[in-house]
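Pasting the structures in now, so scroll down.
Okay, so subunit A shows up in both of these, paired with subunit B first and subunit C after.
Our next item is the complex of A and B:
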């Protein structure tokens, strides 16, 4: 079952009916969400549900253990003993969570890489390769649980004392497949109180679901088989212009697929009276890579920032104050998190190096600003803004080559083709109206953030409910004509 | 160090690293949010933490390391005063 699948048309109303028509108690509502999430998970892979449940029970237990070891108000000698005990509990819990992820996601990759290394010095097949089915959403649920454990360990969030609420906090079905990666302080309190049905939530939830589905089914699923898949399957055979069309098509597909999924998750959450965190904020407007990563997959990047970058660069280790080195570590981790392949490592490394380079350039430019304020004005000029936008977007799009390519060799072929060293093939199909409509939709979505865009959006939101209802109805009718009912799986579900 | 001197140090740090003489004009009041007024982004907050620890010889524990605790001049001043007081 998928958020954009046909089954959801039946599953979601049933879950909503049980949720809102039953007793208005947190326990009942959480029980309905837990049951719905278990059914959702079982529809993907029944055997691996036990892995998720075991991980949730382990992190819940570790959180409760940490919660039972407070340091506040203790005399210093006693506090020191408790702190050491807390550190041991946290270490054990993190080893369990990350170990599980490591075994399922990375064991094969590391064994493969080590065997290749040993093969190079004449030792063949030294390590057995473990190929395990990846439990659904394990990359996301692991980060949710690790974030929770760190918050409780740092005493920034209380330990959750309600196992059902905690289980739903980790495994709520709309976020299970591909996030957003939720945080304890923002989400857990919502599960501990009864939720109330509000017209605003229903309207906003339905609108987000509709927009998300449009992005997924109308844009991403149209581009994938016609433009992106053929070009990436045989990059060496295509002409430069076709490769660029394919690459820009992939950037649009990836964004529409993932932002569409995230909007559908947010919308579904709102229908249950829950506010999941925003995951995308018009990333193609960004004028620097740092800004882009604040707008793209926000929940992952803020997670990496808060739990890896900030502790690393403000701690007492060699990394203290070394922002560039912090970027390198964070993006290598981000690359590996996306997938256990060398293409993702290369992608992460490219972004880490670029961010570190930009940080060094920023330091240099600030030196110029200190000497002469004219440099401040230059940086605020339209020309500087436009150049920054072009460089940022071009770099981001180019790094999608290793991100999407099936192997390093295919990525190299694609790169060569982009600069005129490839084939001469073209796509068989000609695209007219839908390609223009997708471009218009994509540009319009981003324009909602600039100039009069936010004002227009607010004006639409202020229209009478009946008018908005008719508008949404027209979109549904349009989608029924132009898109197949039930979309494909989401790209980010594989991570 | 008195409050006004600490405040001036913070303004100087913001000017030297981010706003080059415009920090005061960006901050409408000492209670105004740094994030809402574009005074500091998330990277700036990390740099601010390192600066505060090094300049005022205080340790900011992980429990306090929330953006909300350092999101205005008054919040930072109150935190620094409390930590300096605790160290004495």
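Our next item is the complex of A and C:
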């Protein structure tokens, strides 16, 4: 089951009816969400539901344990003992959560890599390779739970005392497949109180669902089989221009697939009266990598920077003050989080190095500005802005080659082809109206954020309800005609 | 009116106007791509239950041609002979068997409290087939795999599969059918996967010239010719023939007179090579099979009154006028026996 699947037409109204027509109590509403989430999970893999439930119970228990060990108001000597105990509880809980993720997601990768290394020195097949089915959304639910445990450990958030609310906070079905990665301080309080059905939530939720579905089903699912998949399947055979079209198509597909599904999750959340965090904010407008990562997969990147980068670079380890090294670690982890393959490691390494380089350049430039204010004006000029945008976007798009390529060898072939050292093949299909409509939609979506865009958007929102209704009706009719059949796979579900 | 009440009113007005627009667009699209209701298994079985037919026709979508033949037969016999086609879209022998066992047999075998059949009139079965049905060939887009859930399943079959295999893209096809069934009047819903509306809009915006249309036609004819020629080594697949054995065994075991009919093909798609190889071999095999099992055998693959113009744009199905002509011809000739009783 997925938010963009036809089954949702049957499932969501039933869940919403049970949720809103039942007693207006947090317990009832959470029970409905829990049941809906279990059904959603069961539709993917019933056997692995136990893994999620065990992980949730473990993190809930650890949180409660930490909550029962407060340090506030204790004499220093006693506080030291409690702090040590808290650290042990946290370590145990983190080992359990990350261990689970490690076994299911990375055991095969590390065993494979070690065997290859040992094979190089003449020792064959030393380690058995585990090939386990990945529990649905484990990469997301693990980060949600680890974030919660750290918040409680740092005493920034209280331990949750309601297991049902906590379970739904971790496993709420719209966020299971592709996030967003929710945070305890923002989300848990919402699950602890009864929710009220508000007109704004219904309107915003429906609009987000419609926009998200358009991005996911109309843009991403059209591009994938026609432009992206053929080019990445045999990169060595295609001409330079075709490879660039395929690569730009993939950037568009990846964004539309992921941001579209995230928007659908947000929209579904709103229909249940819950405000999930925003996950994308027009990333293709970014003029630096730092800005791009504040706009792309926001919930993952803020998680990595809050729970990994900040403790690393402000703690007492070697990394203290070494921002560049911190970037490197964060993006290597991000790469591995996206997938247990060397192509993702390469992707993470490239972004870590680039962010470290950009950070150094930024420091250098600020030095120039301090010496001569003319450098400030140069940085604010249109030319500088355009050059920054081009370099940032070009780098991001190019690093999608290892991100999408099935192997390092394929990534190298693709890279060669991009600079004219590939084949001469072209895509079989000629693209007409629909390709133009997709490009127009994609550009318009981003332009709504700049210049007069926000004003136009506001003008549309200020139109009479009847006119907006007609516009929405036309969009739905358009989607019913032009959305490819079987729009059901999600790139980010695999992470 | 409170602010919240105003907001609710806005939401309601927006939703109603959106729905009204959708309905209006839907109705307007009927003009460019009219709905073409097709007989499906559910409806066919409902008709069977009500009509207690004397002749059952089992086959792929080609069995729909027998709707016309059934009408003409009823006219000729004053309603004494009632023919019921059950079309299994994208059929092969294995899905025919599934449909027989899960949908047809329970209705056929239903008995009253005194043990007598509720519908005792069935005397004859026409099994409509062609070479493609006996192969494992798919047409490359997975349409075959969705035939059963999309056409033949009921809710119990869906849930059984979901409990066994989780929700899969295979069993989700059943939900597509349920969804379509909820909106039988909607072009927008019924057109999903057929793209008639998109095609009609495209043609309206940019009318293809005659040369381009001819080029597309020629290319598709060549594809069909190649496919039929290429089927020579794939006909009479063992798994499909085993299913055929069970189908024929079931009908003959119930004392029914079975006719095997090879369905007419569009003349332009049949090359001399195909006629001499795939089609000749299939005809011979099926003739031998029919003789061995005591079935009547009728081969209309290329011996029929139809021309290329009688076939629809899909090159596969006969147009309404063609069906009328073919049915008259068949009832005057090879299927004239249908107008007479069965000697038991």
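By our rule, the second predicted complex is superposed on the first by the 492 of 495 C-alpha atoms of A that agree within 3 Å, B and C clash if a C-alpha of one lies under 4 Å from a C-alpha of the other, contacts with A are read in each partner's own complex, and residues count from 1 in each chain.
Definition applied: contacts are C-beta pairs under 8 Å (C-beta built on N, C-alpha and C of every residue); 3 or more make two chains touch, one makes a residue touch a chain.
Note that the structure is predicted; figures quoted are calculated from it, not measured.
Once subunit A is used to superpose the two complexes, subunit B occupies space next to subunit C without a clash. By the touch criterion defined above, A:199 lies against subunit C but remains apart from subunit B after alignment on the C-alpha atoms of chain A. By the touch criterion defined above, A:21 lies against neither subunit B nor subunit C after alignment on the C-alpha atoms of chain A.
Of the two partner chains, neither subunit B nor subunit C is touched by A:419. Contacts of A:477 after superposition on the shared chain: subunit C is touched, whereas subunit B is not. Once the two complexes are overlaid on the shared chain, A:46 sits against subunit C while remaining clear of subunit B.
The larger set of touched subunit A residues comes from C, when the choice is between subunit B and subunit C. Residue contacts after overlaying the shared chain place A:5 against subunit C, while subunit B stays out of touching range. For the combined model, the angle formed at the CA centre of subunit A by lines to the CA centres of subunit B and subunit C equals 160 degrees after rounding to the nearest 10. Once you line the two complexes up on chain A, you'll see the smallest CA to CA distance from subunit B to subunit C is 29 Å. The part of subunit A that touches subunit B in the complex is made up of residues 154-156, 290, 294, 302, 305, 309-311, 313-314, 320-321, 323, 366, 369-370, 373, 376. Listed in rising order, the residues of subunit A touching subunit C in the complex are 1, 5-7, 9-10, 42-46, 198-200, 202-203, 433, 465-470, 472-474, 476-477, 480-482, 485-486, 488.
The touching residues of subunit B, counted against subunit A in their complex, run 16-17, 20-22, 41-43, 46-47, 49-50, 53, 60, 62-63, 65-66. Those residues of subunit C whose C-beta lies close enough to touch subunit A in the complex are 4, 7-11, 13-22, 24-26, 29, 162, 166-167, 169, 172, 175-176, 178-179, 188-189, 191-193, 197-198, 201-202, 205.
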